[in-house]
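Here come two complexes built around chain A, the first alongside chain B, the second alongside chain C.
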Partner chain A sequence: MKRFFALILCMLLLISCFACDKGGKTPEQSTPSSMDGKQKKELKVALILPGSLNDGGWNANAYAGLQELEKEGYKVAFTESVQISAIEEAFRNYANSGFDLVIGHGFEFGEPAIRVAPDFPEVNFFVSGKMPDGVTVDNMPKNVGFMDMKEYEAAYLAGIVAGGMTETNIIGYVAGLEIPSQLSNMAAFVKGVEFSNPDAKIYGVVTGTFEDPNKGQEAAKAQIDLGADIICQTADSTGMGAIQACIEKNIKIVGYGADQFEIAPELIMTCIVTDNKSVIVKQAKRILDGSFGGLWEPGVQDGTCFITPWHNFDSKIPQEIKNMVAKATEEIKAGTLVVPYILERIDHKMDN
Partner chain B sequence: MKQFLFKKRENRPSFLDSVANTCLAIAMAIIVSIIFILSLGENPISVFEFIIRGAFRNTSSVLEILAKSTPIIIIGLGVSIAAATGMTNLGGDGQFYMGAISAAIIGIYLEAPVWIVWIAAICVSILAGGIWGGFAGFLRATIDTSEVIIAIMMNYIALFLIGFLVSNPLQAPGGIPQTRAIPQIVQLPKLIAGSRAHWGIVFVALLALFVWFVMNRTVFGFQLLTIGKSAKAAQYGGIAVKKLSVTSMFIAGGFAGFAGMIEVFGTYYRVLEGISSSFGFTAVMIAILARYRPLGIIVGSLLISTLTVGVNSMQIAVNVPTSIVTVIQSVVVFSILVMPKIRANFQHAQRKRLPPDEREES
Partner chain C sequence: MSVLLTRDFLVSLFAAGVRMSIPIMLPALGEIYAERSGILNINLEGQMLMGAFASFIVGHYSGSVVLALLAGALAGMLQALLMATACIQWKTQHVVIGIVLNMFALGFTSFWYRVVFGVTIAPPMANVSGGVSTPVPLLSNIPVLGEILFSQHFLFYIAIALVIVSRFVFNRTFFGLKIRSAGEYPLAAETMGVNICRTRYLSMMICGVLAGLGGTFLSVLSLNRFVDNITASRGFIALAIVIFGRWKPLPVFFSSLLFGTMDAFQLRLQSVGLNVPYHLLLMLPYLLTVLVMIMTSKNSKSPAALGTNYNREAMTDT
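Up next is the complex of A and B:
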C-alpha cells in the first residue's frame, strides 16, 4: 500500500510539474487567438477540405494553393477529410481562432457557411461552389463568397480544336454526372466544334458517374465504332476508361481536370482545366483588395479556366486552328464573345 | 460489472482508493501521450498548453464543450441503467440514428404547434431507439444471445439504413446526402447565439437527476440492481427478471434515441451520415469510468468533450494529429479497467508475504 501511494505521489508530482511549467510559460507564448490588431499582410487563411489532400485532384490542387499562400508569407492552416456533419464546427473553430479567411472547398460547405457567417462578421468565408438553394447574392451575408466557375468557356475552346482536327467529322464526348456544370461543358463544346467545323457531328454520352472507368470505356468504344476520331472526356475516373479505349484504337483525345498529356503523349491534344490552386490563392488577394464576397464567376477571362498547351501536337495542329483558338480566347477575355450557357443536350445523344 | 455495482453499495472501497485509481489512470494516459507527442517531434508541454487554452479560450469554446457532451451524457445515462441489470449497451450509435431519423421525420412532416411537434418527436425517438435497443435485450432474455454482439450488429443496420434514407427517399434537393432541414420554428433555441450549444443541455441535468432518483430511491431501480447482482436470487425473490432486463435495454435504447432527437432539433436540424461520431462507444466508456453514477457520467463526458474541443483547436496551431485524443481516452479507460485488478493482485501478493496472524490487519 505504501509503495502504491509513493507511486501516486510521484505521478502527482509529475503532473504538477507540467502544470507549473505551463503557468510559467504563458506570458511569452502567443496564442492562436491573440491577433486582434491584424495587419493586412498577416492574413490568416484556413482551408477545410472534404477529402484527403493526397487525392491528386480537387483537394490536392486546393492544398497546393494554400502552400503557395504560405510561401508568400500568409499564415495558413488546414483540416482534411471533414465530414459534412462536422463542417459547421470546423468553420466555427477556425473563425474563433482568429482566422481572417476560412475556405470550405466544395458545394456542401455552402449551407453551413451561410449559417455561421452572421456570427463572425470579421471573418470571411469562401465556398468553392455555387450557392445553396434559396440563397441569392442579395440575401446572403456580406462576408461570404461563393464561386461559379465558367468551365464551359474552356470547353468551348477545346471544341474549336476538336472541330478543326477531326477528319471523319465525327467526335465523341464522354460526360460524367448529369449536372449543370457537365451539361454546360458539353453544349459549349458542341458550339465550339460548330464554330470551327459546321459539318462535324458530336455523339455524346452522359455516363451518370465520375467513378466508373468501365462505363467510360464502353461509351468511347461505341463512339469509335460510329467513326469518331476524336474523343473528349470530362468525367474524371470514368474518363480514364475513355482514354484507355482511345489508346487501344489510336484515337485523339481531349482531356479534363489536369494536364493529362503524360498519359498518352501522342494522343492528347489538349485538356480542359480549371485552376483550383489559383482559386484559393485569389481569395486572399480579393480580401486585400476589398472585392471579396458575393458570387465570383471565374472563367477564361481571369485565367482560372483554360485549355492546356499543345505539347506534341504543337506541330500537328494547323496554324489556322491555333489562330481561331487564340482569337476566341481574346474575345472571351475582352467580353465580345459570350460563350452560351446551355443546359440542354444539343449533341447527338446516344446514352443507352 | 455486475459485482462491481454491488460492491460499491455494500462494501464501498474507500474514497481515497477510487480517487487514487483515477489519478493513476490519468497519469498513465498523460505519460503515454507524452511519448506519443515526442515521437512526432513536438514539444508535449506546448501541445498540452494548446489543448487547455483551446478548450477554455472563450465562451464559445466552453459552449462547444457543452454541445459536444450533451448526447454523450444522455446515452451514458442509458448505458448505466442497462448496466444495472448486467447488460452492456454497445448499440448506442444505432439507437441514436434511429431516434434521430424518426425525430427528423416528425420535425419535417408533422405540421402542428411547436410543443406538439416536440413532444411527438421525443416520444417517437424514444420509441425508435428503445425498440432498437430492446430487441437486443429481448434476444438475450429469450434465446440467450449476446446483447453486445447483437447491438453492435444493429448499429451497422441502422447506419446503412440511414445511408439509404438520406440518399434516396428522404434526400433534400441539392445533391448532398442529407434530409431536408426541420422548420426553423421547431428548432431548439440556442443557449447563446453564435454557438452550437442549445437548451437540450437543460434536459440533461434533469435526466441525470431522474436517473439517480429511479436507481436509488425506487423499487424499480432496486429490482434492476438486484437482477444485476444475481439474476437467480432476483427470480427467487419474485422479480420478473426477463421482463425487467428487456425493459432496461429498452430504456437504454430510448435514451440513445432521445439523444438523437436532441441533436437533430438542437444542433444539425437534419439527419446526415456522421452526426454521431461513435457517441455510443464513448458513452459506454465514460459510464464505465464513472462506475455508472449519473454525476460521474456528467463529469466524465464534460472532461472528454473538453479534451476533444481542446485537441481540435490544438491541431490548428501544432502539427499533431487529433487522434491523440483517442490515444489519451483509450489509455485512461484501459488503466481504469485494469488498475483495480493489478492493485488487488499486488496487495494479495503482499499479504502472502506477511506472517499468517498479521494478514487480516493489512
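Up next is the complex of A and C:
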C-alpha cells in the first residue's frame, strides 16, 4: 500500500512537471495594461495551435497576431501542439472558461468546431481553414467562422519567381500534411512555374507531417540529388529541415509562413506568407462590429496573402521576372486572373 | 523508369538510407541492452529527446562537437537512470512509467527551450563544426560502396564499431551473460551471484547513452537546430526495430538500414513522380516493418523476463 502511494505521488510530481510547460506561458497573459480600449478589454481571445510556437512559420505567425491583440488590451490565452484527437477537448475547455473567441488555427479544426459550437452559443469559434466537406454557409452554426484563404494565389506568384530563377529547370517542393491548403499551394506553385518557365519540372514530396525536420531535410536532399536548384517548402517544422538541407548544399529557397529571410539571408529568395497576424486581429474586430461568422475569403486581393520582398535577391532577380510578378499581382487584384484551385498532384509525373 | 536505375540515383538513395538509419540504429542498439536485461524501455523516445536538447544547448554555447556529444550522451543516460530507478527501485509498470516519462521529456525540453531561447522566427543554430560527413581516407575512394558507406557522418562509423562491440559483449563476455541472464531468469542468476539490480542499472545507462547520441545526431549534427519534439517518434520505430531484429545487434543494424533505405526510397519515388498513389509510398517503410515482423515473429523469442520487475526480498518475479 505504501509503495502504491509513493508511486501515485511520484506520478503526480511528474505530471505537474509536465503541466509546468503549459503553466509557464500564463504569465504572458496577465500583462495587458494599455488603457486605450476599455470595451476591448472585455473580449477574451484564445488561440489553439496545431504545432509548436517555434516553427518559424504558420504557428509562430499566428502567435505574433495574438501578441498584437494582447498589446491592444485584449485578454488572451493559447495552447500549442494540440493533437487532432485533443482538439474538441481544447475547444470545450476554452469555451467553458468564458472566452469570447476561440481560434483553431488550421483546417483540421473545422469538424470539431462544428461539433462544439451548438453547445456554446455565446462563444465565437473561428477556424483558420476551409469548411469541412458537406458543411455550407447555410447549414453551419451561426457562431462559427471559417476562412477560405487563397494562399495558393501567393504560391502562384512564388512559382513565377522560382520558374524564372532556376538554371537546371528542376525545382523541388516539400509539402507537409496532405490537406487542401497544401495541395492547392503545390498545384498553384506548379502553374506559376509553368507560366514563367514552361520547360521547368517540379519534383514534389508530401512528407505527411509538419513536425519532422529530419524528414524534410532528407526530402529536400533527395530533390537536390535529382538536380533541383531551388527548393520551395511549405511545411513548418518539417520545412525547417528542408531549409537546412539547402544551406548545406547552397540551394536557393522559397520559404513559407513568415518572412524567413533571417534563417538563410543569402538563399531565401522570397516567402509565401499569410498575414496570420492580421487574420487574427481582424477576427476580434469582426466580433466587435457584429460581422463575425460565415465564410471569409481573404487572399492576395486584400493583402492577406502575399510573397515577401526580395531582400538580398533584389539585384539577382531579373527585372523581367519582377514585372511578371507585379503584373500577375495586379491581375489577381483586379480579378482578371483567376489562379486555379486544384487539389490534385500536378507536379512532375514520370513518363513511363 | 530509367531514372531509377542510374548509378547516381542508386548511390544517393543508399547513402540517404544509411544517413536516415543513424538516429534509429543507435537507440535501437541501446534498447537491446535494456530489453536483454529485462527492462522494457518504452522511454527510449524521451531519452533521445533529452539528448537532442542537452547537446543542442551545450553545442550552441560552446561550439564544440565533442562537448555536445558528451552532453547528449549524459542527458540520455540521466533520463534512462530515472526510468531505471522507477522500474528497479520503485517497481513500477515499465510501459506506464515509460509513457509518463516520455511526456515528461517532451514537456521538459520544450519548456526549457522556450525559457532559454524564447520564440523566434529564425531559431538559433547549434553552430558546431561537426561537419555533414567525414569521408574515410582510402575506403571512400572505392566506387559506389565507398560513396555509400564510407562518406557518411562519423557517428555512423561509431555505430558500426558499437554493433561489433555489442555483438562481442553479448556473445563472448561475462558481462553479456549477466545481462542475458537478468532478462531470462533473474532468480536463477541471482542465486549464482549475479547482482540483478546493478546489471539492469548498467544496461539502462548504456541504453541511455546510445539513445542520447541518436538524439544528438538529430539536433546538433543533422538539423543544426532544436525544435519541439524533434525526434518525431523515432524512438518508437527503434522499439519496433529491436523486435524486428530479434534482440540481436547485427540483425538490428541491418533492420535499421533497411528501414532508413525504405524511407529514403519513398521520398525519392515521390519526387520523380512515379504513377503510384503517394499514400502507398508514405506507408512503405511501416508496411515493410509489419510484414517482416509477421514473418519473423515465429522464431523470435523475447527475453523471458522482459517487462517484469525483480523482487529480491521475495525472491520471485512480480
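Definition applied: the second predicted complex is superposed on the first by the 203 of 352 C-alpha atoms of A that agree within 3 Å, B and C clash if a C-alpha of one lies under 4 Å from a C-alpha of the other, contacts with A are read in each partner's own complex, and residues count from 1 in each chain.
Everything below uses one rule, namely that a contact is a pair of C-beta atoms (placed from the backbone, for glycine too) under 8 Å apart; a residue touches a chain by one contact, two chains touch by 3 or more.
Computed from a predicted structure; not experimentally measured.
Peer 1: With both complexes superposed on chain A, which partner does A:219 reach: first (chain B), second (chain C), both or neither?
Peer 2: The second partner, chain C, only.
Peer 1: Of chain B and chain C, which one touches more of chain A's residues?
Peer 2: C
Peer 1: Touching A:70 in the superposition: chain B (first), chain C (second), both, neither?
Peer 2: neither
Peer 1: Does the superposition put A:302 against chain B (first), chain C (second), both, or neither?
Peer 2: It touches nothing on chain B or chain C.
Peer 1: Is A:194 contacted by the first partner chain B, the second partner chain C, both or neither?
Peer 2: A:194: touches no partner chain.
Peer 1: After overlaying the two complexes on chain A, where does the chain B footprint on chain A coincide with the chain C footprint?
Peer 2: Shared contact residues on chain A: 7, 11, 14-15, 18, 21, 25.
Peer 1: Please output the residues of chain A touching chain C within their complex, sorted ascending.
Peer 2: It is residues 3, 6-7, 10-11, 14-15, 17-21, 24-25, 52-56, 60, 63, 81, 172, 178, 203-209, 211-215, 217-219, 221-223, 225-226, 237, 240-241, 244, 247-248, 258-260, 262-263, 345, 347-350, 352 of chain A that touch chain C.
Peer 1: If you look only at chain C, which of its residues touch chain A in the complex?
Peer 2: 1, 3, 8-9, 12, 16, 19-20, 23, 86, 90-92, 100-101, 103-104, 106-108, 110-111, 113-115, 117, 119-123, 132, 218, 222-225, 227-230, 232, 234, 263-264, 267-268, 270-275, 278-279, 282
Peer 1: For chain B, which residues count as touching chain A in their complex?
Peer 2: Residue list for chain B touching chain A: 20, 23-24, 26-27, 30-31, 45-46, 48-50, 52-54, 57-58, 60-61, 64, 173-178, 193-196, 268, 272-275, 277, 312-313, 315-317, 343, 346-347, 350, 362.
Peer 1: Show which residues of chain A lie in contact with chain B when the two form their complex.
Peer 2: 1, 4-5, 7-8, 11-12, 14-15, 18, 21-22, 25-26, 29, 31-33, 46, 77, 79, 83-86, 88-89, 92-94, 96-97, 107-108, 119-120, 132-133, 179
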